[in-house]
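First comes the structure, then the notes that go with it.
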Amino acid sequence: MRQRLLTGAGLVGVFTLLSATPALAQDEGVTADAVQAALDNIWILIAATLVIFMQAGFALVEAGLTRAKNVANIMMKNLMDFAAGVLAFAAVGFAFAYGPGNDFIGTEGFFLSSSTFSEGFGTLTTPTFFIFQVAFAATAATIVSGAMAERTKFKSYFIYSIVLSGVIYPIVVHWTWGGGWLSQLDTPFHDFAGSTIVHSVGGWAALMGAIILGPRIGKYGEDGKPRAIPGHSIPFALVGVFILLVGWFGFNPGSQLAADPVVGQIAVATVIAAAAGAVTAMATIWIRGGKPDVAMTGNGVLAGLVGVTAGCGVLDNWGALIAGAVAGVLVVFAVLFFDRVGVDDPVGAISVHGVCGVWGTLAVGLFATDGGLLYGDGADQLITQLIGVVAVGAFTLVTAGALFMAIKATVGLRVSAEEEIEGLDVLEHGTAGYGPDMLVGAGAVGR
Amino acid sequence: MRQRLLTGAGLVGVFTLLSATPALAQDEGVTADAVQAALDNIWILIAATLVIFMQAGFALVEAGLTRAKNVANIMMKNLMDFAAGVLAFAAVGFAFAYGPGNDFIGTEGFFLSSSTFSEGFGTLTTPTFFIFQVAFAATAATIVSGAMAERTKFKSYFIYSIVLSGVIYPIVVHWTWGGGWLSQLDTPFHDFAGSTIVHSVGGWAALMGAIILGPRIGKYGEDGKPRAIPGHSIPFALVGVFILLVGWFGFNPGSQLAADPVVGQIAVATVIAAAAGAVTAMATIWIRGGKPDVAMTGNGVLAGLVGVTAGCGVLDNWGALIAGAVAGVLVVFAVLFFDRVGVDDPVGAISVHGVCGVWGTLAVGLFATDGGLLYGDGADQLITQLIGVVAVGAFTLVTAGALFMAIKATVGLRVSAEEEIEGLDVLEHGTAGYGPDMLVGAGAVGR
Amino acid sequence: MRQRLLTGAGLVGVFTLLSATPALAQDEGVTADAVQAALDNIWILIAATLVIFMQAGFALVEAGLTRAKNVANIMMKNLMDFAAGVLAFAAVGFAFAYGPGNDFIGTEGFFLSSSTFSEGFGTLTTPTFFIFQVAFAATAATIVSGAMAERTKFKSYFIYSIVLSGVIYPIVVHWTWGGGWLSQLDTPFHDFAGSTIVHSVGGWAALMGAIILGPRIGKYGEDGKPRAIPGHSIPFALVGVFILLVGWFGFNPGSQLAADPVVGQIAVATVIAAAAGAVTAMATIWIRGGKPDVAMTGNGVLAGLVGVTAGCGVLDNWGALIAGAVAGVLVVFAVLFFDRVGVDDPVGAISVHGVCGVWGTLAVGLFATDGGLLYGDGADQLITQLIGVVAVGAFTLVTAGALFMAIKATVGLRVSAEEEIEGLDVLEHGTAGYGPDMLVGAGAVGR
Amino acid sequence: MQLITAIIKPHMLDDVKDALRAAGVQGLTISEVKGFGRQGGHTETYRGAEYKIDFVPKVKVEVVVDEGAVDGVVTAITEAARTEKIGDGKIWTTTVGSLVRIRTGERGADAV
Amino acid sequence: MQLITAIIKPHMLDDVKDALRAAGVQGLTISEVKGFGRQGGHTETYRGAEYKIDFVPKVKVEVVVDEGAVDGVVTAITEAARTEKIGDGKIWTTTVGSLVRIRTGERGADAV
Amino acid sequence: MQLITAIIKPHMLDDVKDALRAAGVQGLTISEVKGFGRQGGHTETYRGAEYKIDFVPKVKVEVVVDEGAVDGVVTAITEAARTEKIGDGKIWTTTVGSLVRIRTGERGADAV
C-alpha cells in the first residue's frame, strides 16, 4: 500500500504500467474465485450507491407532498437522518445488528472494530457489507420524516433518528439477517430485502410518531372530517418516485449480496410489482374518487415495490404481479383509513411502508414458489411470516412509542401553533426554503 | 433455493459464512466463464437501471418545457407509460419482439413464458435480457408524451402507450434486433442501440400524435405565425437533460449486451456526440435567434445522443463528433420547421428523436469505420440504412396514425378548450400540480 | 467487428446464440485475467457515469443557492462547461495531462491520438480511462460557475471553461497523476481522488473569478457589511447535495482505477466523512448563528467529501471521521470569512472546494495510516503535501487570474448593472428560467 | 379624473387591453387577485380527500382617466370582458383628487 | 356606494370571509399584499448572514357595498380580523361613483 | 384623509420606503402589479420563436395619510421614485371616508 500512497491514483509515470494494482497482479494470474470476489464487492458497492440515492427520492417525495413553507425543514430532516444515521449505525448499530452476541442483540464490534469483523461477510469485505447495510439503516430512518412532516421540532426529530438507526432498527436486523431468533425458527422467517425489517419498521415508527404528534392544524374540519392539504409540488413527488424506483434496483437485487445472475430475476419481479402497484392504485382511486390522482398513483408505485421486497427472491413473475397489484389497492384504502381515523400522515408513509410491508411479508408465505401456501407447501412459512410481522411490529411500536413519548416529555416533539402556521423553515432554520421570487404570499389564499 | 428462503438475505448466522451463495460455490472453484457470465448479467442489470432512470429525465424535460398548470398531468403520463409499458411488454411485447415466429413478428412466448425462453440470450439470463429490453420499450413510449403535452386526454394517452409498448415498438424490434427481415438483408441493417428502432419510432409516433391533435390554443397567432409558449421551468428541463445523458451511458454501452472492454469506446463516442450536439445547437440558435437559448441547447445534447445511438459501436471519435455535431444543427432547424408548418411539439420530441434518429441511422452508412461510404466501403450499408429508416418510419406513421385516429373516434383524443385553458391538472387529476403557495394566478398575465 | 455491424445489438437471429460477442468467445474459455480486465473497465465506466451525474448535482446546488431570475443562466453554464470541457479535454487536455512529454506537461497525443495511447492504462482501455478522466476535468471546471454566479457574462464564462478544462487543470494533472514532478518527489505527493488536483484547482480558480468580478449588487450594505441574498430553492440545493454524494461513490472508489475489493473501504471512508461534515457544519452554524442553517449544512456534506477525497485510500475510519468533521467546521468559518472580506461566493465554492481541498490534502500527511505524522511516520509526507498544495494553488491562482484578467480586458467579464438587476436569464438567453406562472413579480419585494 | 377598477376573468385580459388601447387609453395597471362571488368556487380532490376552492383567479385592471373618457372606457371594458357566463366581474369608479407622473412631475390631465 | 378596503392578517381570511357572508355580502375580491407598519418585520439568517424582512405578508380585501351596509360590514371585518396583536391591519372606505356588473351591464345597487 | 396610490419601478421600492419613513409615514401597504404604458414591453425569444411581454413589473404603494400630509408624501414619493427614464410611474390620490385600526377599533386620524 505504500506504493499506492506514492502514486496518487495509481499511475507511477506516464506510459508505464500501473503498479501495485490488481492489474499488475494479473500478470501473475488472478484466480476466477478472486475475480468473482472482486465482482461481488463492486456490485454490492454499486447497489449500496443506488440505495443511498433513494435518500434523494425520499426527500423529494416528502417535500413534494407537503407545503412550500416547510420545504427546507423536510429536506434538512432527510439529510440529517442520513448523516446522523451513518454515524450512529457505524458507532453502535452495526454491532447490535451483526456483531456476535445473543439471539436478541449483538454485543461486540462497536465502532466497526476491525478485530471483531476481520473475516468479512462471505466474499464481501466488511466495509463493502457495511456500506450496503448502512444504506438500509438510513432508509428505515428516513421513512418516518414524511409522516411527521410539517409539525415536528427539528431537534426532536434528530434525536429520534439517531435512536432508530442506532438501536431499534439494528435489533430487528439482528433477529433476522443477523442470525437471531427469527432466523432460527424451524421454518425461518424470510424477508429477502426487508419488507418488514426495513419498511415496516419505518412504517410503524411513523405510525407512533404521527399519533403522538397529532394532526396538523387545519387537517380536520370542525366536523372532524379530514380535509386535503395539497402538497406543493407534484413534480418533486413524482421525480422522487422515479428515483426510489431506480434505487430499488440496488435495494432488491443487491440483497442477494453477491453477483449472481439470479439478480436479473429479482429485478424483473421488482419492476413488475412496481408497475402493477401503479396501475392498481390508479384504478382504485379513480373508481373511488372519480379521478386518477397523481400523488396516490405515486404511492402505488412505492406500495408495489415494498410489497415485493420481501419476496423478490422467491416469487415468480405471477407472484410478483399479485404482490404488487394487491399492494397498490391496499395502499389506497390504507391512506383513506388513516385519514379517517385521525392519523395525519402527509405523505402516506404508514400505508406504503407499514401496511404494504406487512402485506409483502405475508405474500411470501402465500406465493413463494417453494414454501408458499398457494403452491401447496402448507402454512408453515405463512405462520412464520406472521410471527415475524407481529414480533417486529410490536417491538417497533413499543420502542418507537416510548422514544417519542420520552422526547415529548423532555425537549418536546411539536412546534408551537404559531410556528406551524408560519412554516417551520423560517423559525427552525432561519430562512424560507424558497426565495421571495418563488413563494407566493405565504400560501394564505385558499388555505 | 430452499436454503436461501430460510436465511433471509443470505446470512445463516452471525459470523458463519454465507451459505448457498455463489460465494460458497467459489470455495469449490468457479470458472472464469461463469464469472464472465455473472459479470455480463450484473452489467446489463446496471445498464438497464440507468435506462430506467431516463424515465425521470424525460419527465423532467417535458415538465420543464410545458406550463405549470399541466405539470401533474405530464408527470403522470410519464409514470404511467412506464407502468403500463412494463406490463404490456411483459405480456405480449417481448414475445412479439424476441419470440420465435416469422420474419415479421414473434408468435410465441407470451407472458414471458419460461418454456419458450429457457435458454436465455447468450450469457444473459432471460430476466436480465428482459429488464434491459423493457427499459428500451418504455423509452420509445415515453418520447411521445412531450409532443402531445398540454392537450391530450389522460385516458387516451394511456391507451396509446399500451399499444405502442405492447405492439408497435415490439414489431420493429423483431425486424431488427429480433432477427427479422431487416437483419437478414445482404448487408444487414445496423442500429446498435436504437436511433431508429427506439428513438425514431417514438419520434414518428409523436409526429402523428401532434398532427392529429392539432396545436395548443394560443400557439399560433391570428396571422398564423407561431408564438412561443415558454416552459415553466428551465431548471427542470436541464436537470432532465443531465439525467438523460447519464442514462445514455446505460443505453449505448449496455447495448453491447456483454461486459466487454469495448464499452469504454462506446461511452466515449456517446459523450463526444452529446458535447458536440450541445455546442452546435447553441451556436446555431445563437446565430439564428441572437441568443444562446437554453432549452434549445438542451435539445442539442439529446440530439447529439440520439445521433450517435445507432453508430456508437462502429464510429470512431471523429465519426461520433460529426454525428453529434450535425444532429445539433439539425435539431434546431427541425424545431423551427415543425413550428412553422403548424405541428406543435412543445418539447421538440419529433425533432430530437425522429429527425436525429434518422440522421443517426444514416450516419452509420456514411461513417462506419467498417462499411461506411466515406471510409470507401461503398454505399451498401447506406442503402440498407435507408431501407430501414423508410420501412420503420412508414410502419410507425401508419400504425400510430391509425391508432390515434381510432382513439380520436372513440374515447376522444383532446381535452375540451376550457380544460386546456384551465390546465389539465385540476380537471383530469383533481388538483393542481403546485400548491397555492407556488402557483401564481393561473399564469394569467402575459399569456 | 464486421459481424457486429451486421447484427445490430448482437442478435443474429431469434434463439441462436449471440455471435461475435465475448459470450461466444467464452465457449472457447476466457481467462480469469481477461474477466478481471473486463470487470475493471466496466467498473470504471460506471464510476465515470456517477461522476458525470455530479454535473446535475452541481447545477442544482448552484441553481438552488442563487436567485430565480438567473436560474436558466446557471443551468446553462453548468451544461456548457461540461460540453465544452469534454471537447477541450479530448482535443488537448488529455494529451497535456497524460501524454508523453516532460515533467511539467504532456506534449503528444492530441485529439486522443490512438497511436500515442495504443497501450491503454493498465487493464483499462484508453477510452475507459479517458471517460473517467474527462468526467474529472468537467468537475474541476464546473466548480467555478457557482462562485461567479449571477453576474458573469455567459460568453466569458464559456471561454474560461474551455481554458480550464483544456489547459490549466490538465497541467496540474500531469504534475501528479500524469507522472510529473510532484509524483517524483522523494516522498511523492498523494492525492488519491483529487482534493487538490480537482477540487482546489476549481476552488482557487473560483476565488480569482469572484475577486476579479467583485460582489453582486446589493451584497454589501452601505456600511460594508455583508447582507444575505437567499437562494431561491433550498430543495434544489439539497437534492444537488444528495446527487453529489451519490456521484462521489464513483469519484473516490473509482479512483482506484481497478475493480479491487478495497473500494469498499474507500466508500466507507467517504460516507463517514460526508456524515461527519454534515453534523459538524450544522453544529457550528447552529452555535454561531443560532439556527441549523440548511444551506450551510449542505455545504458541510460537500466539505466532508472534499476533505476525504485526497485521503480516502489511506485513511482508516477514524482518520476519515476527523477529515470530514474538521472540514465541516472549516467550511463554515471559511464561508463567513470570505463573506466578510468582500469575496462574494453565492454558493460557498471557494470554501468547500478550495479550503477543504487544501485541508483534505494536508490530512493525508497527518492521518495516513502509512506515512502520516500522527501515526508516527514523520513529517515527510506532510511536507510533500504542503509543497503540492502551494504549487498547485500558486499555479492555479496565477493562471486563472491571468485568464480572467485577459477576458475582462477583451470581451468583458461582468454583465451591466441593469442586466444584473433584471436577471441574466432574459437578457443573456432570451427568456426567464421560470414561466410567468411561477415567478413572482421579479422578486421585487423584500430585496 | 376617475380611477376605473375592473375585476375580470384572466383570459379576457388580452381582449380588454386591446379594447382599452382602441378607446385611447395609454396606460393601465393590472394585478392578480382572487374573487369570491356568485360564480362560486369548486371542489378539488387530492389523495382521496376533498377540499373547496372558494376563490377564483381574476385580474384587476386599474386605469385613471379624464372625466370625459370615463363612460367610453367603462363601456369598452364591459364589452370586451363579457362572456355572459357567471363570474364576468365588476367595474367601479372612484374619484381621483390629483395625479402625478413621477418621471416629469406633471400633474392632472397631463400626467395620464 | 362605498368601496371598503381591509388589510388583514393572512390567516384571518377564512374568518373574515365567513363574517362577511354572514353580514350579507355576496361578493368580494382579495389580493396578496405586503405591509409595513408598527408590527415591524423580522430578521432572518441565511448561511450565517442576516437580513431584514421589512414587509409582512397581508391580505387585502375589497368589497363594494351599498351605503347602508357600510357600517355593518366594517364592524364585521373589524371583529373577525381582530387578534389584538399588533399588525392586525386597517380598514378604509372610499366612495364609489358607479358600479357595473360586466355580465349583464346592470349598474348601481343592482350590480353588487 | 387621503389614500395615496403610487405605481413605481420595483427596484425603487427601498428608496421610496425610506423617503416615506423620513416623511413621517408609519405604515404602508405594497403589492406586485404589472403596468402597461408608454414604456412599452419587450420581446423575448424562446426556442427560436418570439413573444411579446406587454406588461412590465411594477410595485404599487398605498398609503393612507391625513389631509395635511398629502402634499409632502406625494412629493417624497415623486422624488424618491424618479429615475427620469420612461416608466417611472404614477401617483394618484383618492378621498378616504373613514379609517379603522382593526386591533383597537380606533377611527380616523388616530388609526393611521
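Order of writing sets the chain letters: A, B, C, D, E and F. Residues in each chain are counted from 1.
By our rule, contacts are C-beta pairs under 8 Å (C-beta built on N, C-alpha and C of every residue); 3 or more make two chains touch, one makes a residue touch a chain.
Predicted model, so just to flag it, every value in this text is computed and none were measured.
Chains that touch both chain A and chain F: B, C, D, E.
Between chain A and chain D, the least number of touch steps comes to 1. Of the chain pairs listed in B-D, C-E or C-F, the one whose interface repeats that of A-D (more than half of its contact pairs identical by residue number) is C-E.
Taking each chain's centre as the mean of its C-alpha atoms, chain A lies 30 Å from chain B. With centres defined as mean CA coordinates, chain F is found 18 Å away from chain D.
Counting partner chains per residue, chain F shows two or more touched chains at residues 30-34, 44-46, 54-55, 94-95.
The multi-chain contact residues of chain B, meaning those touching 2 or more other chains, are 32, 35, 37, 39, 46, 124, 228, 230-231, 289-291, 293, 430-432, 434, 438-442, 445-447. The chain pairs satisfying the stated touch condition come to A-B, A-C, A-D, A-E, B-C, B-D, B-F, C-E, C-F, D-E, D-F, E-F. Note for the complex: chain A touches chain D at residues 226-231, 285, 288-291, 293, 295-296, 299, 332, 335-336, 339, 348, 445-446. Residues 421, 426, 430-432, 440-442, 444-445, 447 of chain B touch chain D in their complex. The touching residues of chain D, when paired with chain B in their complex, are 10-11, 13-14, 30, 32-34, 44-46, 57, 59. Across the complex, chain D meets chain F through its residues 1, 3, 17, 26-31, 64, 94-103, 105, 111. Listed in rising order, the residues of chain C touching chain B in the complex are 1-2, 4-18, 21-24, 26-27, 29-32, 34-35, 37-39, 41-42, 44-46, 48-49, 52-53, 55-56, 59-60, 63, 71-73, 75-76, 78-80, 82-87, 90, 111-112, 124-131, 134, 154, 236, 425, 428-440.
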